[in-house]
Amino acid sequence: MKSSEPRKFIQLLPHPVLTMVLWIIWLLLNNTLAPGHIVLGFILAVIIPLLTTSFWPEKIILSNPWVIFKFFWVVIWDILIANMVVAKLILGPSRRLKPGFVLIDLEIQHPLGISILANTISLTPGTVSCDVSPDRKQLKVHALHLENEMDTIHEIKQRYETPLIKVFQSC
Amino acid sequence: MTSLPFLPLVVPLLIGISLLLIQSLGLKHQRFVSLMGAVALVWISIESLFVSLTGEPQVFILGNWAAPFGIVLVLDQLSAMMVLITSLLAMSAIWYAISQKIDNKGAHFHTLFHIQLFGLNGAFLTGDVFNLFVFFEVLLLASYGLILHGGGRLRTKAGLHYVVINLIGSTLFLFAVGALYGILGTLNIADMAVKIAELPVEDYGIVSAAGLLLLLVFGLKAAMFPLYLWLPQAYANAPAPVAALFAIMTKVGLYAIIRVHGTLFGSTAGDLAYFYMPWLLILGLITLLLAALGVLAARGLREQIAYLVLTSVATLLIGIGLNSPAALSASLYYLIHSTLIAGGFFLLADMIAQGRGIYDDRFESSKPIFKGILLGSFFIFAAIAMTGLPPLSGFFGKFLILAAALEHDWFAIIMATMLISSLFMIIAVAKSGSQLFYQTQIHQKPEGNLFSKKAFLAVVLLLGISPVLVILANPISAFTDSTTLQLLDKIQYIDTVLNTLPIERVQP
Amino acid sequence: MELLVALSIGALTASGVFLTLRARTFPVVLGLTLLAYAVNLFLFAMGRLTIGLPPIIDPAQGQYADPLPQALVLTAIVIAFGMTAFLIVLALKARAELGNDHVDGLNLAKDEASLDHTLPPRKPQKQAGKTI
Amino acid sequence: MLENILAILILVGAFFTLVGSIGLIKLPDFYMRLHGPTKATTMGVGSILIASAIYFSQKESGVSAHEVLITLFLFITAPISAHLMAKAALHIQTHQSEQTQKK
Amino acid sequence: MLTMALEIAFLMVGLALLFNFYRLIKGPSLPDRILALDTIYINSIAILILFGIYQQSALYFEAALLIAVMGFVGTVALSKYLLRGDIME
Amino acid sequence: MNLLAFNLPFVVLLPFIGAIFAAWSARFNRLAAAWVSGFIALSALVTLIPSAYQVFSGQTILQSWDWIPAIGLYFSFRLDGLALLFALLILVIGILVIFYARYYLAAKDSMGRFFAYLLMFMGSMLGIVLSENLIQLVVFWELTSITSFLLISYWQHRKEARQGARMALAITGAGGLALLAGVLLLGNVVGSYQLTDVLASGNLVRNSPLYLPILGLILLGVFTKSAQFPFHFWLPHAMAAPTPVSAYLHSATMVKAGIFLLARFFPILSGTPEWSWLVGGAGMITLIIGAYTAFFKHDLKGLLAYSTISHLGLITLLFGFGTQMAAVAAIFHIINHATFKASLFMVAGIIDHETGSRDMRKLNGLIKYMPHTAFLAIIASAAMAGVPLLNGFLSKEMFFEQAVTASQASHSAWMIPILVTIGGVLSVAYSIRFIHDVFFNGEPINLPKIPHEPPRFMKIPVDLLVIICLAVGIFPNLTVAPLLEIAVAGTLQSAPPHYSLAIWHGLTPALIMSLIALTGGILFYFLRHRLFKFYDQHFRQIDARHFFNIVMNNLFSIANAVTHRFDKGSLQNASAWIVFSALFFTAYGFAIQDTPLFGERPMLPVDAISLMLAIGLMLTSIVLVFIHRQRLLTLIVIGMIGLVLSLTFVKFSAPDLALTQLSIEVVTIILLLLALYFLPQATPKEIGKMRLWRDGILAVLSGVGITLYTLAVLTRDYQTIADYFLANSVTGGGGSNVVNVILVDFRGFDTLGEITVLALAGLGVFAMLQNMKLPAPKNDIEGRLWSNDSHPLIMQTFTRLLLPLMIMVAIFIFLRGHNLPGGGFIAGLIASVALIVQYLSNGIHLTSEHFKVNMNWAIGLGLLIAVTTGLVAMGIGFPFLTSAFTHLNWPIVGEFEVASAIAFDLGVFLVVVGATVMSLVQLGRLSFASHHPKAKEQK
């Protein structure tokens, strides 16, 4: 991850998505839509990525906005479900729980993709991602209650990894 | 409003900052700036002293907020005197550090040194208790950096002890200031004095406890029994110019006692007036005896000087604790003497140690010292001055204190302690001097030729002040007399501080 | 409520004092940190305790907590942090120069032996739950 | 009406917060305990934050949306924390419950 | 209604805190304790937000935000210590 | 300019100035120092002579200048008969000694140093005798101690010289301090330190309740200096000095200083029983012990030393009689003793010089080898023995006469003549021994050199002195009478009594005593062999030096024990003392005031969460004590305590504090984690149970104490200046966050100091970590190797996101700080954490590549901005840090505030970021250097 490739000119918007996000964050932080803050927020949202651009050497281009949107809502829903499930498991008798570790072979290769996948797994029913193998080919997941290892793996790959691969395939 | 009280603060701070910013230009430039800064500071200090002599304390209200709301700087004769002593010491120490190339033994020497001066002068000039705390921290942290400058086993150990002990002290300081604020609701020294004068009796306990706790904090800085344990090794192991500057460090504590306790629990404090004084006297006497024994027990010259510094602190504690104008004035005279001479002695000790090579400053037989006669003569000179033998300033300082003690009930004890401890010191330095200079392996060649005439200038300058103090004893003691009068005039101090008004703002 | 705060200050002070008096640098640093907590809380409490009256000028709010101790504590917190940073690095320096982490540089071989982290790496154990 | 929604959000939030902590004391090994705080607590606090957003939007004239920021932040960081803690636990071979299925 | 809900919520979160304290002190493993600390941080956010509603003051938001950020950073640092010893290499 | 207006100080100071010249001149020519010294001494003598005439005509000359008049310190001089007598002795014998020393010193001895010391000593002695002010007298008194130390230790490579010098300094220095005390008291009683006033206040002093202390202290000075029993033992050891020094110090000067003082204070202190007992008693014992011991010394100079002690005892005894006639005898004997003893010392020096030995068991029959010297020695010894027609006889006769007179004073005084006769017997005996054992008694034994006469000029001083002995002895009225007359007048401060200097007074008791002494002395000498044996058996062991050494060794070992028992070099010990003192002082401070512990102010009600948090805090604090040995665990617990503290701040209306505490907390934990890596992971058990108990008790007492103290304050009401801040924050400071306005405006100077502290911490850390090397542990405490995954993927990806976000938050917090919770500090800390997190997840190396800001610069710039903001105000005529603010109205943006305080806060921000990041990253680099030793070297 070296950023040594010479830049001929400073791009004004190295990371447009980041700029958008920061702009929104500024307005959220100030809890306002006052014109002054919109201007100031925009200026900051442009400047900050420029200042921190060296930490973001690679471009992040998110394609397939629809997939992203769908993925987002799936995850939100799963989080709600996950909480019910986990609440039940926690409040129920813990002797009946059958915890276990699952190893998932990863197809997704983009680091950010792997990370989002790991996060998603942790937020959704009964699983917490625990470790990524050094070669980034395997993800170790702990399940609070493991009925069927294969099903869990399948569901994770199907529900989360596939859409994420689509999102990150272009980069 | 004159800005003179502020200059001794802003100059070292700006010099310190510039030194940091020009670091990349190399040591040569830093040395020049550092030295020029020190010279400028001496000049400003002399100016300040002259201005202070015009009578009223000079008040500088920072941020244009009048006391007690804003922080004020107060330049009176005492603070001007302390600032001048500090700058003289600093100039000599910097000169010495440059001549002996001590400043390149670690990073940021000159920056730390000037910021240390900022802290010291701040402590001397501020009129606000919490601001005093802040400046204590500034000068302490700078001193931490300086004491460790260059590193080494013993120095690190001594530095660690010094730092931890002072951190405990800082904590206690805050407890005391907090409690005082909790009752008095103010932080300005003059205003606190006003509030204490009107204090309801049921709050006496808290204020008195906080007052004694604060005394302890200042006593820790001043190295009063039983709080002086940080001092001997810290001074003995600090780099020479730092040790020289440290001669003023203990005096900061004493100054704070005179300033803060003298004002808060001074003549205006009703039943609480001077209630802390007996403790100064008792602890001063104990410190003196123990320190004199320490002088006897020292294993090396620097350690011995450190204990000698301790005896001077103890003498000052006694002088202040005598609680009379004459004694206070005498103490101020002795303070000037003891600080500058101790500084010079530390530098001299470093030159002696260098002249002895691997034998360093340990009291053991060594090869002859290069320039032994010159160094030996100055050793005798410094030893006479430090132990309080005639005809140098140490004797006159002690004599003035003793003369003032004649009126005190405990005169016999005070005199006996002071004289017996002097005897111990004489015996000790006679022994150490003879071990350092006489007990040499006579047929050996001297160790190297480590002697820097340039560096020696600093020693001469500082030690040379002793005869000046003797010859000009009359004008100087007249000065300390009038300083004492000014110090005891609490009403004037309080009125001047609280009635200095901000400059009218013109609203845009 | 004042009692709770006072007791908290007391508890922090007590354990701070005890740790400050220990023989190794690390507990001393922790002890001083605790003492700093204690004194900051103390200083803060000296402005008396008020609930829901932050000193942010607001026409709707008639009363305010005493802002001065808050400002003082803020200063004190930052200073204490600077001191801690310095001290902990000094502790490292002391370890480097003195060869151990005893505050007096004493080499107490007996108690060091059990803690020497240059022990050869152990073979992985099945039951490694109870760490430290 | 709004007040009821707020009350429910608050209670639900507090409930899940509590559930997370119950998991923390009740479950037999670290890896299992990890699930409670990661999900339930995050969710619970999120719920309370939403309540706050609604409350302040209603109390003051404008829209109070900054609570969303914390909520999002929590949802992004909770799994990372959990992941790192689990990774550390695996590395130092923290005790696993006897119930854990062996492969 | 709202006040009652808040009071109950305070009790529940307080209870949660108590459980967290228990885990923090009891352990047994270091990850357990880090987890307990992390949870205390997050519960504190809840307390602050609830307190803000209770006091009808928006002044607690920044503190809650910072708790979230700092809690995360702390957990990351502690976990990395367990992993590598050297957290900044 | 009239020289006679200031010749006295000139006489005193001339030798001091001359000392510098002497030392300097020796660089060119070995002998130049001697010539310079002689010239200086002669000049001083010549300068004194005009005044001497005045004194002989009955005047007392006073020359005075102000020094510190307020405390009675004047630079003032007095010349009366007594002073003149002593000044003449000092100068005349001084010139002779200089002359003698010029031949005595060997080629390898440093002439410059010797004569410089000698001149300084001469000046000090002159200072003593010529001082009108008593404090000034004490100054010179102590100067003689110091200069005599230098002279005695002149042959510094000799152990006896060093020891003898130190002994002399210790004893005489101590006496000087006692004298100072006595003079202080005396001055206090009289109301002046001027001799003229003091001498006029005899009755006042003798009737004062302080008379006895004054007398005791002054006599301590006298007895130590004049080697009176029991302080006599330093003198023989001072014989390690070169003989010219002995001749000078121990005949006419140093030891006579005490005698001078006795004479000086005679009019005011004498005449009381206390005086008689103390002075007379000490004199008598010294007289006999000295004489007795002298006889048994085999060393020539040893014999002379004890004889000196004995004669000093004699003079002291005379003063002790307290009568005017006794004083006359004392003065007379001072003169005589100075002459014969100086010559005898010089003779001893010649013998030593020419034979290489001073041992009388080896020196025999020297009359054959050095008849001239022998002749001189015989006459001088005879004078010492009190043989008629020599000066010693005259004064000894007067002494015996006074002893007889004194014997009638009281019932028990009949012993006095008997005792002094015994003294006389002994004195004759040792005088005979000096002559017979050295110049007769067979042949020399094993002398290092073959004896011969010394150089001619070396004998001249002795010749002169012996001539004086004879002249005075034969023609007292023609020679010494006028001098004695004025000296006595000066001593008594009144007209001298009638006395006779006739050689023959008839067959008086005194003459009989003299005859007994002479015959008894001869007899005693004949019995010497048996006596030596007896002495060896019974007295050999009694060596005063031995006793002195024991005292000194004890002093040093007590000093060592006390010092190192208290100053153990233990930090724990030092800290415990501080804690103890703090507890004691606070409790004492409260207790003495007798006020109620608590006030009446009502307390706030407790709620559930607060209770829970407080319990959590207290429990964890206490638990911490028990788990503190597990270091990582402690950090986790500390994290929890810091959080609870922040919540407390929130609860009690201090949002700014909460924000600061939160950010500082995490930075602290990271810092401690960074450091912990290089420290042992656990704390070993402390062995001392007692220490744990001690610390536990101190801890509990501190906890209880501070709890009570807090409650004591919190239950009381107070008036505070805070209202002013609340009222002026918006209008005067331009901000509604009062805490922030205090920080950047009302008390901005505190903040400047505080960021200076932070900057210093950063710089200090940087300086300390330079070149530091610490081994990086390969495995954790359980012995596990560290994980290979140095930068976990998930952490790396997400924390990069955190950076812009947290910077956004930091800016947000910064900008709102003046009006709402926030400000430069908190913003700075948040930005620091943002950067630190990058280092945590990406590592030092990578992050440093991305982020190339010199933190030294950030610190410097931050401070500069803060200071400059303050200075700008000064530039326009306001005090430092005076703030200004205004409201601007821009299109679109709307109204906003611009305040100078924001610039100040920016400085704060930069320093916080700079110092924090620098400290942590420097620490991080330490491990980087440990892992990659070469990486550091390249830098």
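For clarity, chains are labelled A, B, C, D, E and F in written order, and residue numbers in each chain start from 1.
As a working rule, a contact is a pair of C-beta atoms (placed from the backbone, for glycine too) under 8 Å apart; a residue touches a chain by one contact, two chains touch by 3 or more.
This is a predicted model, so every value here is computed, not measured.
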Subject >> Farthest-lying chain, centroid of Cα atoms versus that of chain F >> reply: A
**OP:** Could you compare the number of C-beta pairs in contact for D-F with that for A-F and name the larger?
**Re:** A-F
Subject >> Separation of mean Cα positions, chain D and chain A [Å, integer] >> reply: 17
**OP:** Please compute the C-alpha centroid of chain C, do the same for chain F, then give the distance between them in whole Å.
**Re:** 41
Subject >> Approximate Å spacing (C-alpha centroids) for the pair chain D, chain E >> reply: 10
Original post:
Which residue numbers or ranges of chain B touch two or more of the other chains?
Top reply: 130, 134, 137, 141, 144-145, 148, 151, 160-161, 164, 168, 175, 179, 181-182, 187
Original post:
Where in chain A do residues touch two or more other chains at once?
Top reply: 25, 29-31, 115, 118-119, 129
Original post:
At which residue positions does chain E touch at least two other chains?
Top reply: 10, 13, 17, 28-30, 34, 58-59, 61, 65, 69, 76, 80, 82-83
**OP:** Provide the residue numbers of chain C that touch chain B in the complex, in ascending order.
**Re:** 20, 25, 28, 32, 35-36, 38-40, 42-43, 45-47, 68-69, 72, 75-76, 79, 82-83, 86-87, 90-91, 93-94, 97-98, 103-105
Original post:
If you look only at chain F, which of its residues touch chain B in the complex?
Top reply: 66-71, 73, 113, 135, 138-143, 145-146, 149-150, 153, 156-157, 162, 165-166, 169-170, 173-174, 177-178, 180-181, 184-185, 187-188, 213, 552, 555-556, 558-560, 562-564, 566-567, 569, 571, 573-575, 577-582, 585-597, 599, 706, 709, 712-714, 716, 718-722, 724-725, 728, 732, 745-750, 753-754, 756-757, 759-761, 763-764, 766-768, 770-771, 856-857, 859-861, 863-864, 867, 871, 873-874, 877-884, 886
Subject >> chain F to chain A touching residues, read off their complex >> reply: 788-789, 792-794, 796-798, 800, 803-805, 807-809, 811-812, 816, 838, 842, 846-847, 849-851, 892-894, 896
Subject >> Complex contacts: residues of chain A adjacent to chain F >> reply: 1-3, 18, 22, 25-26, 29-30, 34-36, 39-40, 44, 48-49, 51-52, 54-56, 111-112, 114-115, 118-119, 129, 132, 134, 136
Subject >> In the complex with chain C, residue positions of chain F that touch it >> reply: 569-572, 575-576, 579, 603-606, 610-611, 614, 617-618, 621-622, 624-625, 628-634, 638, 641-642, 645, 648-649, 651-657, 660-661, 664, 667-668, 671-672, 675-676, 678-687, 695-696, 698-700, 702-704, 706-708, 710-711, 713-715, 718, 720-722, 725-726, 729-730, 736-739, 742-743, 747, 750-751, 754-755, 757-758, 760-762, 764-765, 768-769, 772-775, 777-785, 819-821, 825, 912, 915-916, 919, 922-923, 926
